[in-house]
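Labels run A, B, C, D and E following the written order; every chain starts at residue 1.
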Amino acid sequence: MSRRQRKRSKLSRIKRRTPPGAMPGTLVVDPTAPRPVINVIEYDGSSCREEAGVSVEGVASIVARRARGAASQGDGSSSAGVLWVDVVGLGDASVVQRLGELFGLHKLELEDIISSHQRSKVEDYADHLYLVMRECTNDKELEQDQISLCVGRGWVVTFQGKAGDCYEPVRQRIRGAKGRITVSGSDHLAYAIIDAIIDSYFPALEHLGERLEELEDETTRSPSNATAEAIHDVKRDLLTIRRAVWPAREAVSSLMRDHHALISAETRIYLRDCYDHLIQMIDVIETYREIGSGLMDMYLASVSNRMNEVIKVLTVIATTFMPLSFIAGVYGMNFDRESSAWNMPELYWRFGYFFALGVMALTAGTMLTFFYRRGWIFARRRAERSHNDHGDKDRSG
Amino acid sequence: MSRRQRKRSKLSRIKRRTPPGAMPGTLVVDPTAPRPVINVIEYDGSSCREEAGVSVEGVASIVARRARGAASQGDGSSSAGVLWVDVVGLGDASVVQRLGELFGLHKLELEDIISSHQRSKVEDYADHLYLVMRECTNDKELEQDQISLCVGRGWVVTFQGKAGDCYEPVRQRIRGAKGRITVSGSDHLAYAIIDAIIDSYFPALEHLGERLEELEDETTRSPSNATAEAIHDVKRDLLTIRRAVWPAREAVSSLMRDHHALISAETRIYLRDCYDHLIQMIDVIETYREIGSGLMDMYLASVSNRMNEVIKVLTVIATTFMPLSFIAGVYGMNFDRESSAWNMPELYWRFGYFFALGVMALTAGTMLTFFYRRGWIFARRRAERSHNDHGDKDRSG
Amino acid sequence: MSRRQRKRSKLSRIKRRTPPGAMPGTLVVDPTAPRPVINVIEYDGSSCREEAGVSVEGVASIVARRARGAASQGDGSSSAGVLWVDVVGLGDASVVQRLGELFGLHKLELEDIISSHQRSKVEDYADHLYLVMRECTNDKELEQDQISLCVGRGWVVTFQGKAGDCYEPVRQRIRGAKGRITVSGSDHLAYAIIDAIIDSYFPALEHLGERLEELEDETTRSPSNATAEAIHDVKRDLLTIRRAVWPAREAVSSLMRDHHALISAETRIYLRDCYDHLIQMIDVIETYREIGSGLMDMYLASVSNRMNEVIKVLTVIATTFMPLSFIAGVYGMNFDRESSAWNMPELYWRFGYFFALGVMALTAGTMLTFFYRRGWIFARRRAERSHNDHGDKDRSG
Amino acid sequence: MSRRQRKRSKLSRIKRRTPPGAMPGTLVVDPTAPRPVINVIEYDGSSCREEAGVSVEGVASIVARRARGAASQGDGSSSAGVLWVDVVGLGDASVVQRLGELFGLHKLELEDIISSHQRSKVEDYADHLYLVMRECTNDKELEQDQISLCVGRGWVVTFQGKAGDCYEPVRQRIRGAKGRITVSGSDHLAYAIIDAIIDSYFPALEHLGERLEELEDETTRSPSNATAEAIHDVKRDLLTIRRAVWPAREAVSSLMRDHHALISAETRIYLRDCYDHLIQMIDVIETYREIGSGLMDMYLASVSNRMNEVIKVLTVIATTFMPLSFIAGVYGMNFDRESSAWNMPELYWRFGYFFALGVMALTAGTMLTFFYRRGWIFARRRAERSHNDHGDKDRSG
Amino acid sequence: MSRRQRKRSKLSRIKRRTPPGAMPGTLVVDPTAPRPVINVIEYDGSSCREEAGVSVEGVASIVARRARGAASQGDGSSSAGVLWVDVVGLGDASVVQRLGELFGLHKLELEDIISSHQRSKVEDYADHLYLVMRECTNDKELEQDQISLCVGRGWVVTFQGKAGDCYEPVRQRIRGAKGRITVSGSDHLAYAIIDAIIDSYFPALEHLGERLEELEDETTRSPSNATAEAIHDVKRDLLTIRRAVWPAREAVSSLMRDHHALISAETRIYLRDCYDHLIQMIDVIETYREIGSGLMDMYLASVSNRMNEVIKVLTVIATTFMPLSFIAGVYGMNFDRESSAWNMPELYWRFGYFFALGVMALTAGTMLTFFYRRGWIFARRRAERSHNDHGDKDRSG
């Protein structure tokens, strides 16, 4: 029951947003959202500096320092490496506002970052790209968190609602200077983050695949009302994942195709890999959805079949005993023999009782033979036998 | 019942229009429509003048004044700010006709303004744009009102059937000179109005989402005929919203893409935000529709299950008591012992009665064991227990 | 029954056509088709000449006169106004043949004109356009008639199978010289006819909308086999209309977009209006189709529910009376007291009868309580009460 | 039963083809295919020479003669008329091979000609076109035959599996020199053959339309298991036709659009006519498929309704007689009056028997009234009456 | 049961992949995968050298030799023939790594080769093409194996998980120097392999077609729960094949259209043949899927029909015997004649017993006539007769 409750609150969440007709660019903070914590990583091919819990002004001074460095060297991005500012928690509009000023973000962008129910998308703002992705933070309950990426030349700013763990592998690759990541620009960092976000859906899909299999068994073996409910839940969860994955596919596809200046040709090859994962996921989702629909049909068929079985039992018993009871009823009548020798002479026969029992046995036998011929009784055993035969033939043939 | 009645009248409204074969551009006024009331707002970056209940000729003189001002300064729009003429009520063809002359509207445009069942669309008439949008004026009953926007350089004329409240936030932003609105042109005003109109559908969608959740619970807990009806109603309401939102999406998309001279690049960024909202709404609508369809399946499954349960009770009781009644019937027969010692000797046994009761108990026990083995009785308790086990495992695993 | 009969003949009509492998351009006249009657209207901005029942040679002489006039003035169309030849009835191939020669129609065109089951389409024959449209001549039975329009510079020739009334408003506009029609060319006349044809489907759609509403009520209130049949009929009628409207949309869209030399820019704006009507109709058709499908589901649900109700009554009565009958049966047994004091001593108790009646009352009470708890009896009343509560809450909340 | 058998063999045939991994261009002849018979027609505007049962070498000599003629005149096709080589029966790979050499056919083309389960398609081989079409040779069983057309400048070679009759009208037009066919080139001959092939599907569609109508009646009147089976069969047949017609549409569309040098502009107009027929057929097929699906729903509804009716009868009888039997049972109890005056005093009342019968009558009356009120008995009559009323209103209104 | 088990493990396999967030290009080897075995074939128009079980360094030396040969002759590919390196088993990352270095494969490519759940695709890496295809290695269980092809100028490297037999016909064609294969380049070899892979799905499809036919029979003849399950399984298998075939179609289409420099025009014609096979397969799959869905409907209809039949038997028997039992019950009442002459005088009539039996017979007769009229008894025989009539008419007509 509590599982449904949690589900319901999730469905509700789809709906909230800023009040109708509000000024565009209004930053309305969700009062329950945690206060932002800022983590900064700065790295280039040779070194990596990591700082947790930086204040907004701390970020401002880093940006200023990097700008001075860039100015003194002509072009900042390549020499100064990549700056990754990661903001966790969106509970303070002023922090987001100030970061927006520091990195030159548009006010509609800031509104989207704060309001946490955006679809995945890419927007091209001349000097930087704005990406929205959705991470799956819980495979069972399908909780999601919106992650906003602002990718400029030499810097990436990410915003997320709550601390997730999908960045960790990326950070470790940076720290360990493993792979291409530390020798590439901000576009490769963005790719690595996107890839990690997309991967967060695989366990959820895996979980749903397992549920489907369990439900296939349950439908065949012991379909109950809870089975139908569970199938419905799986279908709804698939819709939820689908709603996250389809737009992500469009966004990644647009990154690959639209030749944003910030995305290098080499990174595009890596994005193609991301895109393949998304396509694969969509394939699996659509297949699961069709299996889910088929399962509902099979469930209905199974329920009908069981009803059939129940009714057969009723029919066999009722139609066997009704004629018998009738016969017993006839010989329970009180017609008076004294009044007439024609009144129920059977009662006074020598073998009257056996005659009556015999008629009953005959009647019952006739009925049961009729039912056996129709396959209503002992049919299961026969069917099983013939199915086993078929199965064996199938295997040997 | 009255709810259905109102629904029905809404569905009917889809159908009425000008008589077949009427001359194009004929202005046939709905006789029940209220008389038009004209509100005028004129604003620029520094000031805002608002006048309610202006006559048509009042509008004419304002237009003339602005034309003189524009003529004396070369180009009118930037210096003279924006003029917003808002017409509420379409009950007088002559007013619409006169406004059409003042602002140079095409006669097919006027016909569309009057006939209130247009799809959302954008039409480009050289010097101005004509837009039709549909506002949702009641989230529960899904009442809609057609809003026509004529957007020229420096002016916007809006027509609506009845006074709605979706303009109010826009007006307040103009009065308070908040945001970009007062320093931008008529295109930004049009955007603000479109945004407000689109936002009017969110509460309706939210309401339908809540209904769906209630119905999910009801379907599982206590499905009745009213549940099926309610699911059907929600599906129909979703179709209605969908029919309003899809064309709106096309219209906004066309505004963004088709590079109308009147729409500035900056406004296009804002329209992209509108477009995102529409796409999000369509996403939600399609998801809700699939949930609705799934719900109908689950409803049918639930009804079948309940029937199964009812029939099981019947079968258990009937097949248990029929053999018992038969036995009682046998020993109620009147075969005469005097005629033959073979006639029902049990009746004269010492423990004949107990023997009969014993046979009955045995029969009943056999039947009940059979039913228990098949899971027809006390099955629910077992199923619940096993489901709870599974649930716990699920949570711990 | 007769309604179905008529339906059936309509469906059959889809199928007939010229014999397989016949030479293209063969004019095979339907033997039951009425003989053609030709009406001619000639008009320009100032005058209008109308003649009914003209012979083919009469048309030939008019064409010849107009050709002379055109030759003497250089360009004929603008000065000589528009000639509209309207042919009603396609029962004489020679008439169609002769008109084809007069106006330079292609022989495949003539074949299409005669064979009355074409889809709507536009074909561009260098000097003239050939259009096929389908008119709805009966909203209830959805009878259709094919209308062929050949539109040249300064002339329009229309062919229809039987006299319909959709031209009448167009003719009246010509006679009254109302609107743009008399001052525009043949393209505007073609537009006016197309508009009138399209409008002929609105009453049929309106009728279907009403039927759907009736059926929604019927499905909820008293679903019978006739309801299912009626829903099926409405769905089939929607398919029929759809098959007429979709190709019409393509045809009008092609007229608008393909820049046929004969269609002026001004007429294109009017065609956009036609196109909007068609799109609106398609919207309505698709919505109705979805409602129709949903209705079938609701019908099935409703039938299941009713069966459930019936079975509940059976179960309640049967399972209440069976144990009672059994008890009565037991005390109807004839075990002999003389043989043993253990044989049915209850029969000889002082309050044996009341004891038996008491046991029966207790049993019945237990069963009925069980059924009441499960909501099988008096449940409707409870459900109604709770629904009313909900409804009130819904209204007040 | 035998009908299904034949069906089944048809479905199976979809599957056979050359062994997996076989060398492309391998000519594997179906051993049951008849030996090829070659018919040759040579014609130009003035004459027509027809020869049946020509040997391959006979064809070779004709080709050689024509080549000499062409060489002596510069360009062969126009002067020498059109050569049509028609091969019936594909049982000899060497014949196909030799013809391939004579006319310069590609080896993959030859493989396709032999293997008889190709989809309709057009392939452009520089100097000739290769077309595959499927003919319907039996409207009831939907047997199909693959027809391959190789169309070169001045010649057409056709291959078919067995002698069909769809060429006959084309041949007669050639013999009679009727229509454009004899004065046009090989492209017009190809068109004429394609048109004849397409026409071969109309009778099959017509047959399916009739079946659907019969099934609509049957579903309403007397749905049996055979009805469901028949609906399923019609749906499968529609799928089969659809699989033949859709690719044909693509092929003809490609012929029309892709500006193959061999297809003249005039022939393109004729192909547009073919294309229209295909589109019409697809329209009809899709409509029939939707009707078929709706019919299955209606069938299920009808079966449910009938079950409802049966159960109502059971319920009415059972619930009426059970209380009566119970009452009779009560007064059949043997409580001993001697033991107590309280034991069943009714049995000794003066009007005890009438009292019992009265109670029974009252009970039965109450039950029947209850059922009548619920509309379970005599409801049909009432429903019919109200439906007739409605029908009349419908007709008069 | 074990069949389902195997199915389940297959569905599960869809899900596994490298851990979320892993570095791209990480080669994680499946621990259960077999160790790689390398087979090398080198051939040109005149000779063919085949070597099995070559070590990686063996391949390196062959590549080096060929590179020297190419350097000495200017262009290597044409003179040195084609080198085909076939790797079976992916259990050793270092082997794949080394081969990647030898042939210049990208690290994402290597990751894809190792992880065996890729969709079919083509990727263009400047100097070589990377293709993924899926082979069907078991028609019954639908086991699949991923085959990766890297196609460069003069060489093809293939990787597969386990030894399949689909290459064998290709190898034999190379050995026998049959067909174009030995005189063409590496593109033709790639084509031959792709063709063989695609062909591997035909037997599986054939098997499913046969299953469908069996299930059609079973559904009509003796639908059981196992039938529904089997239909569901076939539908799921079709989904699995479809998921393999659709991407293969895209990949082959991209090879044909995108004008990769490596694919010659001649090979493109052969790929068109492959593409045709894929389209044909998709056609068949979609048709089978629709038949499968229709079958599920028919199954439900069949189950409903059978239930109907069962309930009819119950109703006929119950409603016939209930009134009879009631009558017997009435005359089993013990109203005392002594107390009143009105108490059950029938019991003392001369022909009372026959009167009672007569009433019973009359009642039974009435009921049975009623049922016969409604077609509930002996209806099957009548239906069969009329169906036979129809069938005969159908055949003769």
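Keep this in mind: a contact is a pair of C-beta atoms (placed from the backbone, for glycine too) under 8 Å apart; a residue touches a chain by one contact, two chains touch by 3 or more.
Remember, it's a predicted structure, so these values are computed and weren't measured experimentally.
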Topological distance between chain C and chain D, in contact steps
1
If you list every residue number at the chain D and chain E contact, are more than half found on both copies (same) or fewer than half (different)?
different
With chain centres defined as C-alpha means, what is the inter-centre distance between chain A and chain D in Å?
40
Gap in Å, rounded to a whole number, between the CA centres of chain C and chain B
25
Junction residues of chain B, two or more chains touched:
300, 304, 307, 311, 314, 318, 322, 325, 329, 332-334, 344
Give every residue of chain B touching chain A within the complex, in rising order.
166, 168-170, 173, 178-179, 181, 192, 195-196, 199-200, 202-203, 205-206, 209-210, 212-213, 216-217, 220, 269-270, 272-273, 276, 279-280, 283-284, 287, 290-291, 294-295, 297-298, 300-302, 304-305, 307-308, 311-312, 314-315, 318-319, 322-323, 325-326, 329-330, 332-336, 339-340, 342-344, 375-376, 383, 387, 391, 394
Given the complex, residues on chain C that touch chain D span 3-4, 8, 11-12, 14-17, 20-25, 106, 108, 111-112, 117-119, 121, 123, 140, 222, 224-226, 228-229, 232, 235-236, 239-240, 243, 247, 296, 299-300, 303-304, 306-307, 310-311, 313-314, 317-318, 321-322, 324-325, 328-329, 331-334, 344, 346-354, 356
